[in-house]
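Okay, so chain A shows up in both of these, paired with chain B first and chain C after.
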Partner chain A sequence: MNHFEFKGSLKTVLLAGILIGVLCLGWTWMIDDHNHTRFWSNFLHNSVFFTGISFTAAFFIAVCITAYAGWHTIFKRVWEAISAFLMPGILLMAIIGLGVYFHWHHLYHWSDTAILDPSNTADFDKVLYGKSSFLNKNWYLGGTIIIVGLWIFFANKLRLLSVLEDNFEDSHFSTHRTMRKYAAIFLPIAGFSSAAIIWQWVMSVDSHWYSTLFAWYATASWFVSMIALTILILIYLKGKGYFHQVKRDHIHDLGKFLFAFSVFWTYLWFSQFMLIWYGNVGEETIYFKTRYDHYPVLFFANIFINFAIPFLVLMRNDAKYKFGSVGIVAIIVLLGHWMDFFLMLKPGIYETAMHAAPAGEAMGEHGHEVAHAAEHVSNFVSGFTMPGLLELGTFLGFLAFFLFVFFTFLSKAPLTPKNDPYLDESLHHHV
Partner chain B sequence: MSKENKIIYGIYGDEEVLLSAVKEARERHYDIQDVYSPFPVHGLDPLLGLAESRLHIAGFVFGAIGTLTAFLGMTWIFTKDWPIIFGGKPYWSVPAFIPITFELTVLFASIGMVVSFYVVSGLGPGVKSKLLDRRLTDDKFCISFENSENSDYEEFFRSTGAEEVGVA
Partner chain C sequence: MSVHVSPIREPLVTGHKTYHQITEDLVSPTEKMPNLSWVIGFIISLTLLTFGLFCIFWTIWVGIGTWDLNRTIGWGWDITNFVWWIGIGHAGTLISAILLLFRQKWRTGVNRAAEAMTIFAVICAAIFPGIHVGRAWVVFYFFPYPNTRGPIWPNFNSPLLWDVFAISTYFTVSLLFWYTGLVPDFATVRDRAKGLRNKIYNTLSFGWKGSAKHWQRWESLSLVLAGLATPLVLSVHTIVSFDFATSVIPGWHTTIFPPYFVAGAIFSGFAMVLTLMLVTRKVLNLEDYITIEHIESMNKVILLTGTIVGIAYLTELFIAWYSQYPYEQFAFFNRAVGPYWWSYFGMMFCNVITPQLFWKKSWRRNITLTFFLSILINIGMWFERFVIIATTLARDYLPSSWSYYSPTWVEIGIFVGTIGIFFTLYLLFTRVAPVVAIAEIKAILKSSGDQYVGKNATHHDEH
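What follows is the complex of A and B.
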């Protein structure tokens, strides 16, 4: 079974999942405020999360090729198929970008043109005016298309060259050498561009605040989620009888990555937190003060779920071998990092919505709902201070969409590459 | 072969030959005294039937001791023994303790594991090396048995492809 066939009940289940997601998004739209803040923030949250996962898969393929790594070769088609989600991803993010452009939503405080006019002394915002050469609607849309477009170019190149290698035997491995060049060019581009894209997609929801560590922290979150998804997909496919050469040693290596990058994520999270806490500068601490005061459960659960659980469960050697323990930790950590992105995005978006509300007497009756919520900041606001059922449904929908694209691309090529120079090493991988 | 507790050993030039020889010895139920190799040979430990090393458990225990030492130590120092206000923070400022706690965890775990390893292996300063052959630290492998009068170890070494057989 070297060829995955995407059909039957799996397709039905995933289509049903997409339907749930669409229904949840539609329902969110109906009960939403005037700006449809909850709808758009859920859309942004999940689009960023899954586009980022596919980006880190492309990035990791390039890392492995450049590092002469061979352990992953027999399942590298999984990562190649994950990276294919960049193509729907650019569409999802372009919709957000068009939304910024045409003011369909008000997720980003900087997209408000009134505060950027120096003659308007009442509302003029000097900080955002200073940032407006980067944070503006043209670059948001253009930058998204240019940067994700570049990612798609390299991800497609690496995937197509890898598929081409299958029917192209060559003792000089010329296809692999070409891949190596593309991978090496992609690495620096990916490193810098991912930081820029995180600033504009995620960090700029807290538009006055910035942290130089933030981009790494968010990328680490994507990376851990990507490894967790890979583990779950491999366990599923093995259960279906595919990938019988993928042995516990490969899962062990993925388990080590899950463990190591969970610790790496924690390191970045803590580095960012401690320096801001110690420096005690109001403009910086506001980020954590908001989360500590109004999101205490998520704030501490974030550290516990994404650090303590993988750290303590996966510490022992044999826990990384067993599909059960690695799989359960992968599920927990995947949800945990989805929640981490929730915590990165929602407080800033909620703040922006609250600021927008009192100014808008003209916003009509719905504006008052948000304004009313603003008077009771510490109150529980489903969808903003805590993921509600609609958020979970939207997540399921996006996950199903992601897996649908993934399985479609996985079925397009043989599961195990034939002429990869590292295939033999991967088949005899032993730790 | 007159002295007691003599050791008979065969020297091999290739790890694959060594592995098949070890397998053969296990099948013949020979009591292998030791196997020497200049580098860790993949798959040798399970073939020899060695139990998993417990060194990492020692590492965890030492690390946990380091965590507690650092955290409780700083708690005592900064709240009871010599409270000083740093940067307007409370006396018991947990985030500031984390880096030092981490460092002492690593320090205790690493030093503890090295010392445990030396004690368990009987290594230490001034210990004389019991090396059977100098080449075992370079490119040769060897299996050693405790010799007895009526053994067929020599035949075993010849048949499994040993390059030399020696006694010590």
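What follows is the complex of A and C.
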């Protein structure tokens, strides 16, 4: 069973999932406001989340190669296949970028050209005007394509070399040494570019707000989600009889990563929150003020789900060994970080929609809901204040799409690599 | 024997050492009379230490006015040095704790010395908050305890107080960690000693017998301490960064400070470990234990952390522009082209640009270049703190208060004195304890000794 077969039943389930997602997106479109804010924000939320997971997998492969890590070798194909989602990811994000370009949506306040015109004294926004050499439709689309394109280049290169190594026995491990070069070069590129793209994709929905730590915080969230997904995929595949050499020791190590990086994520969350709270500068506190006042459940659930649960459950050694406990925590944390991105994106987008709503003369039938909510901010707006069923359905759709791409790529190469210099260490991994 | 080691890994102990030779090589420096270079080094260090103590005495006797601090620039070399020393301490905990958790075998060559360095660096650092308060004789006001002064309590909302707790906790755990590692090695020294020396080392080793139970407990204690030390090492420099970032001063109030300070601390700490180890391995003939592989690995960490710090610098610059907040923008403009432009330039050059030389493998393995760069990074990281502290304060909100600051001989003397303290303690340490952890080197011999792995291997076992 060294070759994964992407069989009919699994395909059907995943296609059904994709169908649910499409239906939910369609349904959202139908009941949406004039700008289709809910549709587009759900699209952005899930595209960012899964593209990011894919990016962190490519990044972590590069980290492991550079750090001479050997333990993960027998399941490295899983990460390679996760990183393959960057290709659909660039398309998804390009659709958002085209949307900015052609004003299909109004997710970003800065994309409103009226406020950038100095002659328009009533609405002129000096701050956004100052930022407009970074926050503009050209760079949003161009930057997305260049940066994700770079990620794809490196992810593909590492994947191709890894597959090539299988058929190429060489006592000097020249293929692996070539991979090292690509991996090392990828690290600083990934470090700089992920920050730049997060400012654009995520931070700029709160277009006046800024935080130097934000990009690292969002990346940590992606990374934890990636580890959680890896654990779940490995448990599933083992259940199907694949990966019999993946032992509990490997799951244990992944559990440690899940634990450690959940704590690291919390560290970044706290650092950002504490410093902004303590400094008490209005331009900065507004971010947390909005979330604390209007999203209290999500705000506290975020900490509870993404910190308290993995911290308390995975603290014990044996909990990290057991597939049951690691798996359940992985499911919770994966949903938790999806929700974390919801909380990063939706309040800013909703704010923008509220500003846009009264200005638009030809508001659609349902635009009144948003406009109405603008007057009464405490109102509950499904899909904005809380993820609704449509959001969950969209998430399922994207997850199914992600897994479909993942399994397709997984089936294209043997599950256990050959001729990798660390294969023997990984097969006998025991800590 | 069933050790599975990737053929791509290089050996970490060279010279086909036997267990006995390891003991011999690592214990003998504590048994022989010191050589001339040690004596000269010790005399220089002791002289610097004495001068430093004199300058501290002078500060307390004459008053804090002997420093060039003024109304605008309330923190100068004192807190710069404090942060610099605390940062240097971080590599020890990183090597001993985090690399232990990651099962990195190359840590064994340098962990002992790095941990010792942590402790000495924290001692040097702790001097500065103590004396910079002006009235050093009432420095016990730092500590919260029931008192008859009103009662006056320290301000628990202040990160300066959190620092007191963070650093004292860090010092305690680092000391425990270091000493735990030393226990079996002290026993090894004892086993070779006679008379009073034997008795002293027997006490120091707590009567270690090396039974299976002892080793088992020692292993689990090491892991528990590593688990504790890892969040601690993050917390210490995080809280040091809070000293600045909780304020509303542009250039200080930025959320990236906590992780960026930690990365910078590890960066400077590794530079100092390299500076020390390159000399130590030469003087004590430890080239077989601190190999070129070790140096290369450390240079990779330098390259990594240097680049992280570089990303943080650029992030700060970018967000200062992006924020469109004029004061924030001015703070960074002032750093780069203001009166202290040379310190900003020095920081960028030493911390971001020069480590990039380590992309080249042969340069990572070049000892002379590594030594030179490690010194540059030590200087660069000092500049970083100076840039953050003095440059920012010199141009505050009120242009009428703008000022310039340069240290007096007293301030320079205290800094030089802490270097003297550091090296005096380090040189003493090399005389009384094995500089490389004997037990840990022995533990990796069969998986990383060059008779077992690598191209000169003579033992080929079958799996």
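Convention: the second predicted complex is superposed on the first by the 425 of 431 C-alpha atoms of A that agree within 3 Å, B and C clash if a C-alpha of one lies under 4 Å from a C-alpha of the other, contacts with A are read in each partner's own complex, and residues count from 1 in each chain.
Keep in mind that, in the parts below, a residue touches a chain if its C-beta (ideal position, glycine included) is under 8 Å from a C-beta of that chain, and two chains touch if they have at least 3 such contacts.
A quick note: this is a predicted structure, and the numbers were derived from the prediction, not measured.
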| item | value |
| --- | --- |
| Contacts of A:Ile332 with chain B and chain C, given as first, second, both or neither | neither |
| First, second, both or neither for A:Met87, with chain B first and chain C second | neither |
| Partner chain in contact with A:Asp424 - chain B first, chain C second, else both or neither | second |
| Chain B versus chain C as contact partner of A:Ile189, first or second or both or neither | neither |
| Touched partner set for A:Tyr278, first chain B, second chain C, both or neither | both |
| Of chain C and chain B, partner touching more chain A residues | C |
| First, second, both or neither for A:Phe214, with chain B first and chain C second | second |
| Chain C-contacting residues of chain A that also contact chain B | 274, 278, 280 |
| In the complex with chain C, residue positions of chain A that touch it | 66, 68, 70, 126-127, 130-131, 134, 171, 173, 176, 184, 187-188, 191-192, 195, 199, 210-216, 263, 267-268, 271-272, 274-276, 278-281, 283, 421-422, 424-425, 427-428, 431 |
| Residues of chain B touching chain A in the complex | 42-43, 52, 56, 60, 87-89, 95-96, 98-99 |
| Residues of chain C defined as touching chain A within the complex | 2, 4-9, 103, 231, 234, 238, 242, 245-248, 253-259, 300, 304, 307-308, 311-312, 314-316, 319, 322-325, 359, 463 |
| Contact footprint of chain B on chain A as seen in their complex | 270, 273-274, 277-278, 280, 315, 317, 430 |
